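Below is the structure I would like to discuss, written out as structure tokens.
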Amino acid sequence: MTAVQEGLFTEGTDPHLIGARCRSCGRQHFPATDTCPYCGADAVDPCELPSVGRLWAWTAVTSPPPGYHGTVPYGFGVVELGDCIRVVTRLTESDPASLHAGQAMRLVLDDVGDGADEPLLSWAFAPETP
Amino acid sequence: MIGVGVAGVGIHPFGRFPDHTVTDLGVDAVRAALAEAGAATSPQAAFCGTAYGGVASGHRVLGRLGMTGMPIIDVEAGCASGAAALMLAAASIRSGQYERVLAFGIEKMPKGIIRSSFFEPWQEAAGLTATPAYFALRAQRLMSNSGVTEEDLTAVVVKNRRHGSANPDAMFRSEVTAEAVLHSRMVCAPLRLWMLCSPNEGAAAVVLRRADRDWTGVRLRSSVVLSHLPGPVLSESTPLSGSCDDAIPSPTWRAAQAAYGESDLGPGDLDLVECQDTDAARELLAYEELGLCEPGCSPGLIRDGSTAMGGRVPVNASGGLLSKGEPLGASALGQVVELVRQLRGECGSRQVEGARVGLAHTIGRGANTSVVILTR
Amino acid sequence: MIGVGVAGVGIHPFGRFPDHTVTDLGVDAVRAALAEAGAATSPQAAFCGTAYGGVASGHRVLGRLGMTGMPIIDVEAGCASGAAALMLAAASIRSGQYERVLAFGIEKMPKGIIRSSFFEPWQEAAGLTATPAYFALRAQRLMSNSGVTEEDLTAVVVKNRRHGSANPDAMFRSEVTAEAVLHSRMVCAPLRLWMLCSPNEGAAAVVLRRADRDWTGVRLRSSVVLSHLPGPVLSESTPLSGSCDDAIPSPTWRAAQAAYGESDLGPGDLDLVECQDTDAARELLAYEELGLCEPGCSPGLIRDGSTAMGGRVPVNASGGLLSKGEPLGASALGQVVELVRQLRGECGSRQVEGARVGLAHTIGRGANTSVVILTR
Amino acid sequence: MTAVQEGLFTEGTDPHLIGARCRSCGRQHFPATDTCPYCGADAVDPCELPSVGRLWAWTAVTSPPPGYHGTVPYGFGVVELGDCIRVVTRLTESDPASLHAGQAMRLVLDDVGDGADEPLLSWAFAPETP
């Protein structure tokens, strides 16, 4: 298993996205960069984002965009994590009608590879099973 | 304050032209604009907007016309590239630096699948670069915030294709029914194929000149290009995260406010608008951001016909990008060409009667938003 | 007349940086320039020069720094891209539109063989697109017109590499002997490998501000970008034919004349020059075009040491492109950063003593020529 | 035999490059375009350029540039045709030391293909044999 990019998420049974929090303005961003995209400060600390959040917007992608070799259709949306960050994400649910606003969603890691080569690990959010 | 007038405009129809290079398209549009402007308005500098034209795009066009020797600057601002060229051209006249300046935009999409250099390869591999999906998320938010329905999205397409059927420079010149739109393939819910514009090819050119009090032609009253503020997750800057603060103003709203301020005009003064309808929801959102209606009230304008031909403020009388297609670098100046012709009363069966004030709006990768206001 | 001052400069060393994106390089250079300029000089608009940076290059850099929300315009003018950004930034201050503007340039060559979008595919197939061959033809003409010898070409390389050995931001920081240059591989006669600069990667940034009478820092006195006149067959516009009229002035000559006129300065006032040494002959030709000597007299300046450190007008004290390499979009602003540091007296062992007036020159595909004059 | 591009030259025993002459300013250019690159006029007439000229500048290309599949090294230079046009061209002579300024050169057509596929015809100038 290789990650689609280093430094995006922790692995294991309870994975987390790795963002960063600005020491100057306190705001969080993802993926972590070494400067704050809100205030430009260069003192930012990596932080794990909450692994559960609320669904804020969603759709499904029906044709593979260039450079993507995983399966289609796939769910795509925005999830709110905590009270101050919204993250763009694939969704494990690809039927928009099965999702609703504010729905609880949990981070999972899954394979976006072409099925032939070694699995390529990326993140998605899945409806939280009650 | 030095005034800026439009001395001439030219356009190469938008569409697909496998037998012509991007330079060919540009030569056509520039020649037409120069012919309208007349020999006395020969430009002292040129700005060329293009996203995919490549190295020295502007020189290749002007070299064919024996018009090099002046400053020729290529500018890129995504779908607002042509507007950025216009803004720089206008600024150089307002400042007194030049009296006559050419702005043009050209585009021909590269062959094969376009992989935007905007994204990193890992973002592609992770499935995070499907452009219509971002449009769809924005559309969904508009539906939930403003009560936009699938019928409203469809009505935008039907309206713009009806308008476009009268525009000989558009790529699609046939009307469509609501039923046909609703039966077109679902690309990314809620957006169906016919609710999305097609990238294509074309060129447009505008010759600007210093306009003193006695100038009776079309005037460029404001020409604003602005980028986004950090925060909104569905900004056209396509960040992978954003804040939960919904009060951060959009770049379109800010650019419109700046343009209204510069021109001493307001949304109530507009006789027609050309706006960014890369998808049907994007047009409705523009109604709110440009102040054509209160926030949350865009469905009213499409339902009561306010933005259709004959309505209070026809939007996309040209047919919009949904009819014309979108040649990135040429798109914004194509809107300006339409407005100039409308303000001159040259638009035949798609003429907005008595049009005196027009606004053009684009938003593209970056994000770059442009708002241009023209008056007669 | 509103004056333009340099409030801050920053550079990312030129070289090859496989672990950094072009955005990373830009963030470094821009941060450094902003830090010098100080918080009170936060820019109101930004111009980003790049040839291969791709869509929204400037936004990607400024987005990382939370500095979007203003107009951000990407400009392309080949190797003069950074100078075009500077010219637009300066014009927007001179006109009173803004008081503080950022100009920066970034470049990272795409992986693999670079196929310039400047040429048509059939020109490639016909063997007509070998860039060093055009340089070689121009070198040969200079040799026959001005009596330049192979030893003179070699001396330019030895001089610039000696200068560059003192520049921590250069890619090549070792001196070379004339013998080694003369034994390097013949690429296109008369040009050998070490007589040609290498395309590479880097970034440079300049914060400009309105400078009233009390401004004691470095001033930008002129910033000209011009394209070529039709005719010369060996112009950097690389036409496939030209006229036999040898009296048509080159764009460098015209840009220099315009810059001298704007600044009320002449070649005799220059304390140092950074010029386009994409190949060794190109530097010698610049001596003539910039008026450092009479036409036909360039060999004299290299032979008598006039353009070496300690001479009358040191040329490429930074080491030039022959030492630094050439990151297209960043190249012209890299020259400006060097001049600013020289005029401030910050250059340590490569300091041109008492430097008060400097000129930077680039010429790139288009053709676009830039001439920038700075004073202290 | 296919030409590298249509409209560049006439074929046969005495080939000529096809330029154009401007009806407005009289200047010639090559390759022919439908506007004059000197004055911008759109009334230009195709014309055959002289097949013999004088060498004005020359070098040799030692590494194949991207997209070129013919042999290296190859000569490269500029030839003056008549009294008003200089043309960029490959040269059949790839040893710069064998050429001299003002030397008489004659147009030839030769192959710039990769030797495997069908020949790809382009133009070059060869030293005029006395």
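Letters A, B, C and D mark the chains in the order given here, with residues in each chain numbered from 1 onward.
Basically, a contact is a pair of C-beta atoms (placed from the backbone, for glycine too) under 8 Å apart; a residue touches a chain by one contact, two chains touch by 3 or more.
Since we're looking at a predicted model, the values are computed, not measured.
Colleague: How many angstrom lie between the CA centroids of subunit B and subunit C, rounded to a whole number?
Modeller: Taking the mean C-alpha position of each chain, the two centres sit 35 Å apart.
Colleague: Using CA atom averages as chain centres, what separation in Å is found between subunit A and subunit B?
Modeller: 33
Colleague: Please compute the C-alpha centroid of subunit A, do the same for subunit D, then give the distance between them in whole Å.
Modeller: Going by mean C-alpha positions, subunit A sits 58 Å from subunit D.
Colleague: At least two partner chains per residue is the criterion; list those residues in subunit B.
Modeller: As it turns out, subunit B has residues touching two or more other chains at 63, 66, 120, 230, 239.
Colleague: Which parts of subunit D, given as residue numbers and ranges, touch two or more other chains?
Modeller: Within subunit D, the residues that touch at least two other chains are 37-38.
Colleague: What is the shape of the graph in which nodes denote protein chains and edges denote touching chain pairs (line, ring, star, complete, other)?
Modeller: Topology of the interface graph: other, matching no listed pattern.
Colleague: Which two-chain combinations qualify as touching?
Modeller: Inter-chain contacts occur between A-B, A-C, B-C, B-D, C-D.
Colleague: Quick one: in the complex, what on subunit C touches subunit D?
Modeller: On the subunit C side, the touching residues are 113-115, 120-122, 124-133, 136-138, 140-141, 144, 185-191, 230-231, 233-234, 238-244.
Colleague: Could you pull out which subunit D residues touch subunit C in their complex?
Modeller: Those in contact with subunit C are residues 4-5, 19, 27-31, 37-38, 57-70, 74, 76-78, 80, 83-88, 90, 96, 101, 112, 120, 122-123.
Colleague: Per the contact definition, I'd like the list of subunit B residues that touch subunit D in the complex.
Modeller: Touching subunit D: residues 27, 31, 63-67 of subunit B.
Colleague: Where on subunit D is subunit B touching in the complex?
Modeller: Checking each residue of subunit D against subunit B gives 33, 35-40, 42.
Colleague: Sort out for me which residues of subunit B touch subunit C in the complex.
Modeller: 21, 51, 53-57, 59-60, 62-63, 66, 68-78, 84, 87-88, 91-92, 94-97, 116-118, 120, 224-230, 237, 239, 251, 254, 365-368
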